[in-house]
Amino acid sequence: MSAPKKVVLAYSGGLDTSIILKWLQTEYGCEVVTFTADLGQGEELEPARKKAELLGIKPENIYIEDVREEFVKDFVFPMFRANAVYEGLYLLGTSIARPLISKRLVEIAEETGADAVAHGATGKGNDQVRFELSVAALDPAIKVIAPWREWKLSSRTKLLEFAEQNQIPIAKNKRGEAPFSVDANLLHTSSEGTVLEDPAVEAPDYVAQRIVPVEEAPNEPEFIEVTFEKGDAVAINGEAMSPATILTKLNELGGKHGIGLLDFVENRFVGMKSRGVYETPGGTILLEAHRGIEQITMDSGAGHLKDSIMPRYAELIYNGFWFSPEREALQALIDKTQEYVTGTVKLKLYKGSARTVARWSDYSLYSEKHVTFEEDAGAYDQKDAAGFINLNALRLKLIAVRNKRVKG
Amino acid sequence: MSAPKKVVLAYSGGLDTSIILKWLQTEYGCEVVTFTADLGQGEELEPARKKAELLGIKPENIYIEDVREEFVKDFVFPMFRANAVYEGLYLLGTSIARPLISKRLVEIAEETGADAVAHGATGKGNDQVRFELSVAALDPAIKVIAPWREWKLSSRTKLLEFAEQNQIPIAKNKRGEAPFSVDANLLHTSSEGTVLEDPAVEAPDYVAQRIVPVEEAPNEPEFIEVTFEKGDAVAINGEAMSPATILTKLNELGGKHGIGLLDFVENRFVGMKSRGVYETPGGTILLEAHRGIEQITMDSGAGHLKDSIMPRYAELIYNGFWFSPEREALQALIDKTQEYVTGTVKLKLYKGSARTVARWSDYSLYSEKHVTFEEDAGAYDQKDAAGFINLNALRLKLIAVRNKRVKG
Amino acid sequence: MSAPKKVVLAYSGGLDTSIILKWLQTEYGCEVVTFTADLGQGEELEPARKKAELLGIKPENIYIEDVREEFVKDFVFPMFRANAVYEGLYLLGTSIARPLISKRLVEIAEETGADAVAHGATGKGNDQVRFELSVAALDPAIKVIAPWREWKLSSRTKLLEFAEQNQIPIAKNKRGEAPFSVDANLLHTSSEGTVLEDPAVEAPDYVAQRIVPVEEAPNEPEFIEVTFEKGDAVAINGEAMSPATILTKLNELGGKHGIGLLDFVENRFVGMKSRGVYETPGGTILLEAHRGIEQITMDSGAGHLKDSIMPRYAELIYNGFWFSPEREALQALIDKTQEYVTGTVKLKLYKGSARTVARWSDYSLYSEKHVTFEEDAGAYDQKDAAGFINLNALRLKLIAVRNKRVKG
Amino acid sequence: MSAPKKVVLAYSGGLDTSIILKWLQTEYGCEVVTFTADLGQGEELEPARKKAELLGIKPENIYIEDVREEFVKDFVFPMFRANAVYEGLYLLGTSIARPLISKRLVEIAEETGADAVAHGATGKGNDQVRFELSVAALDPAIKVIAPWREWKLSSRTKLLEFAEQNQIPIAKNKRGEAPFSVDANLLHTSSEGTVLEDPAVEAPDYVAQRIVPVEEAPNEPEFIEVTFEKGDAVAINGEAMSPATILTKLNELGGKHGIGLLDFVENRFVGMKSRGVYETPGGTILLEAHRGIEQITMDSGAGHLKDSIMPRYAELIYNGFWFSPEREALQALIDKTQEYVTGTVKLKLYKGSARTVARWSDYSLYSEKHVTFEEDAGAYDQKDAAGFINLNALRLKLIAVRNKRVKG
């Protein structure tokens, strides 16, 4: 790979990506463009501009953008249409943000004539894969630089030395080892590493940042109504909101009621297990609500099909294959099933859990006259069940007869 | 179908199956054998013996059995090895009991020379299917009588009239319409019908029978440890217990902490949607714990395979195909994956939720030296990740090049 | 079910459906509308008009239509995009025609104000299910009459008596038992029953009607080129043709070369096994060609996904669920994958087999510079493979280390 | 990775692996153990012993073994129980041999105290992955050396120079470029590269080595009977044979009749497409016969389940994951379904195709009395079909009613 001439860096403004910025300048002598995105991580972005300028980035090479609406509308919501969970429990909060960042890195590279992009993910994790597969799929001519796999700054001490040598300001609390590593966006906050590395040891309470400890959540339940159109949430308690606003509001509600905390050991795509603590307050409510509305608006045929392909879909997102033909084909299937997933779900939020307690829809497939224990006015002929069972039983009977015959 | 001569009836001792008993005697003039099982439904069985005798059943034709250990060991535990949930949420508490009852009905029929069995399930539900498919698979020569599909007692009034005409004692509270229909066993209690029939209306609090309202659950969390061997729970807090004892103990814990309540609209096999309230206190803890122990002991290859076939497996159990070649083949797959699912999970029980907080095992696949953010002493070469990503990206790049080429 | 007033009958003009026509008139006293479709079965349709008139059908109630283009374009081609085969071998030639016939029956019923439709399928087969599920999905208000399940004409003798009593002309060869039962359309001809009923006995040569015996096929191979656009065949040997024309032409070629004969025992949806002889000359070539063009234009991710859902898709069509949400969702997935399935396949037709021998496409993903055994000018770095393998091996190594630890 | 001290080399005796042998000695100065296996590739093995001795290998370090029976019994037959085909057409002939070779390499390494194994697969193909994943799974402490990814002998000229410098005898026909690369074992022969590299160009006739051109196959069909027990072939024409003998015999039959030739473009695990010509004469017959016996002995539930997981199973074998928990779990499922796959299939072999024409078994599930068009003596009540259809149709009707309601 020839040396890059101009690199678009996914830049948070923090110490690590500032070191990467400087390292790119010194190692490759290349021009650096910074991209700082507001994905809802809850940090101000203007300080990132200042730091970038301080590190010699030209104003026109500093990109700072609020991508929260795009994030929720084009990435989070499509994923939630599938009720996607990885390994039974993880709502994919980190995984789903990477394709969007990659997409903007590539677009900015194309706009600015950069020949490479760079990210701050390490060589042990999934994020490097997610960034790099996305870039490969979007523009295979663009190089990707992953400093953590290249440089010799292999310890905290070396990193801090490099920072000092290069006049990179170091916040006081960054001098010591961080107690754990954090990633955040509008969908979730994840914490990994150091104090969390032994899965036999409970995570300290201070790890959770967005969700109050359940013990401190309100002693009274709160009931909310979430309205969906074609599988996407469009209103809370009757008030229409934009995608990002809805997720923000659900985050507040979930955080307040202690909802969405997960202590999890997962299988990384790169082959090892890792332990993380995930906080997904709004997403946890949204998943429950989406399941609730599907219960009355989606047919069993489509629903069971969706369930059967969901693990594969979630795995693709986890592994970084958002921009792949197979994810897109599965999305076409999923979206097709959401045509009538429209209606409202009432949920009870209380002390760490969000439970559907009622749901209604003009698009409901629920038929009280069919299911009632009362007289059903001829909607359903119970005798049909005998034929239904007899034909379903036929092959089982033939097997039993055969088995008895051959066993003697 | 020729008229049955001797029928084994699944007999609860309640009003409905007492009416069925009498109806079988009068309609077919046949001898009736009663089978009453203790599946952990929490009712005494001896009254059923008295009632059967009162209705003219010969003592040698009255079978009363405690099948709780068999139920948990041979049905519940194998199912939980699969982390089976139907339509994302339902733990299959009713579904999994039917095959066992059917098996005993068939065995008793063979022992007593009966040519038929009878059950009290209606023509609208899944249970009729589950009973009858099981019987078909176990002994296709045995007839099944489903009185609800045959008789003319199509209203509560007619049933009560029949009872009175036949000297069947009617408990006071059975005179009026029951507010809902209940099924219970060691794994769960389900409630359906009447006040629950409109899924837009919240279930009244009094529906829940085994689980305290979360608001009344203890204000202090409780921590427990569940130990597994080859995928099955074998001990709680270090104390070894039999399968049924473990589930009983987990039920107590779950019930006390308000864990395992589900308000659900599901798709019945017979084609309609129905709404139920399910209480699965111990099962909910068991599922969480089993997932927790699999997290560290099961490889991603086997785990993702299990996840992908789980919906099909759950559907088979829901639909009544426990005794089918495909369920047995899936069970062989699942059991194969449980060989090393041995270890202990620590859970926090609090106000409606059971969460894994720690897990450990001699069989763990978790490798701290691989995952650590610290120096890893050569366990992992980050440069390998570049090759891994490059080859995973190759096809995506070839696609991107092709698409660019053909689009102009 | 109340008695029908006006019935649209799927009418072939043959003896059996003529008897049904008369039976509907006499049994229900209802007005009958006949629908006779040219699906490419190779029979003239005008005699059906004459017969219908003879049986008292008003001219405006006789519908005779050539639906071959719609059949191939909207049913056969979408199915072939999936490479659908049932139970490994059957190309679904009968199954795929039923939804189209049902659709026209329903449309004609709606146009003519009929309240029912009727078909001539027996109570043992799949076709009744296919007709009736399609009608249910398209217009649930329309009743379906299945005379074979209703009437008492349970033997050939009784049928012939009924025909004679009702002045229905009986062709000479229809007096005796037919040697087997035949269904035909542009995609295939199936033969079942009587001489074919014992699967241990070879089918007589005279069963095959469209395909020459391989021994009599030309001794010289014939090479053809089939061109596809977005997954559908559009030209043969460079000549653009309509969908039905292409399939007709492929049938000629396949029939001449003895291609597409299948002797098969399959599992019917209604629970029993049956044996059939299927002739699908053009379809067999089309499947091979479609696979050939996908080989170079479709990525492995999308391709393997398609392969994994194909059996479910084929089962749905076989079982009669063409008009179901799950088939439509799967179709959305499949169609999404066909966007670039454009190009040409060269096949060798010879003595019963059609084999791809070459394929090319502007949309090809094949990269000679990547795959070559020669120097590849830097397209591929073989060292990447080491990293790729190491990370794929990581979990296997962790398992092996664990297993060694716990076993020894 | 530290330098290896003693290496077990998969040694064919040919030029390439002889160069590797020498290169290992010179590059690493390590002791070399050679392993040469008779997998049915049709070459004599004793010359390999001579060459190894000539290159300085000690007699006790030369392992030459006939593993044909183990190959067919423990690898080929289990795979054929699944009807495994990769990407619709490829019978996995190369893929299935690699795990066995790897297993013996590891066992010999453990016996001889070697710390590494080496193979002659290139860095572009699948075989390197298959070898190395197998070794990782069997003994993660053993290093794998892949000379083609390490050395500088990157052209034919350099290889020949190295051979000459090291007194490695070069057969005359090896001086020029081979026209294509060949792999062979008892199951198949594959040809790739050079003249085959352009998939738009037909493969020359001389590529096929084991199968006569169809045009030259006998003009008379040959009928054979293959008998199975629990899914494995055990006899041909009534004569019991060992696994390897059966496959050898089927190869003779298939080769003679031109059966089992495949021109194929496939997706390699390493991300590129490649084109190969595969000859699998006996395997093609075996697959057809296995399908034939399953048709009458396997129930639809188990059969459709098998079909649905087959693509994943085939992919695992293709990708090199034979020794993985997920392949083993799938095998448990597959083997469970084969319990009654016992009986005999009659096939017609003629001019390139093997077709089942009859099949019979004591374990048959085929029920003539159920399927017959004749009177069935009450085996089947056609009225049951109405109930069966009505309940299957119920959800479709509810959907249609809903859709009509919401659309206006």
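Each chain carries a letter (A, B, C and D) given by its place in the written order, and its residues are counted from 1.
By definition in this document, a residue touches a chain if its C-beta (ideal position, glycine included) is under 8 Å from a C-beta of that chain, and two chains touch if they have at least 3 such contacts.
Note that this is a predicted model, so its numbers are computed, not measured.
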Interface residue identity across copies subunit A, subunit D - same or different by half: same
C-alpha-based rotation, subunit A on subunit C, 0 to 180 degrees, nearest 5: 180
Whole-Å separation of chain centres (CA-atom averages), subunit B against subunit C: 40
Residue numbers of subunit C (touch at least two other chains): 267, 270, 272, 299-301, 304, 308, 312, 321, 324-325, 364-365, 367, 370, 380, 383-386, 388, 391-395, 398-399
Touching residues (chain side subunit B, partner subunit C) in the complex: 299-301, 340, 362-365, 367, 370, 380-381, 383-388, 390-392, 394-395, 398-399, 402-403, 405-406
Contact footprint of subunit D on subunit B as seen in their complex: 267, 270-272, 298-299, 301-302, 304-306, 308-309, 312, 321, 324-326, 328-330, 332-337, 391-395, 398
Subunit C - residues contacting subunit D, complex: 83, 87-89, 122-124, 128-129, 132-133, 136-140, 146, 148-149, 154-155, 181, 192-194, 197-203, 214-215, 219, 221, 261-268, 270, 272-275, 291, 295-296, 299-300, 303-304, 307-308, 310-312, 315, 320-321, 323-325, 346, 350-353, 355-360, 364-368, 370-373, 375, 380, 382-386, 388-389, 392-393, 396-397, 399-401
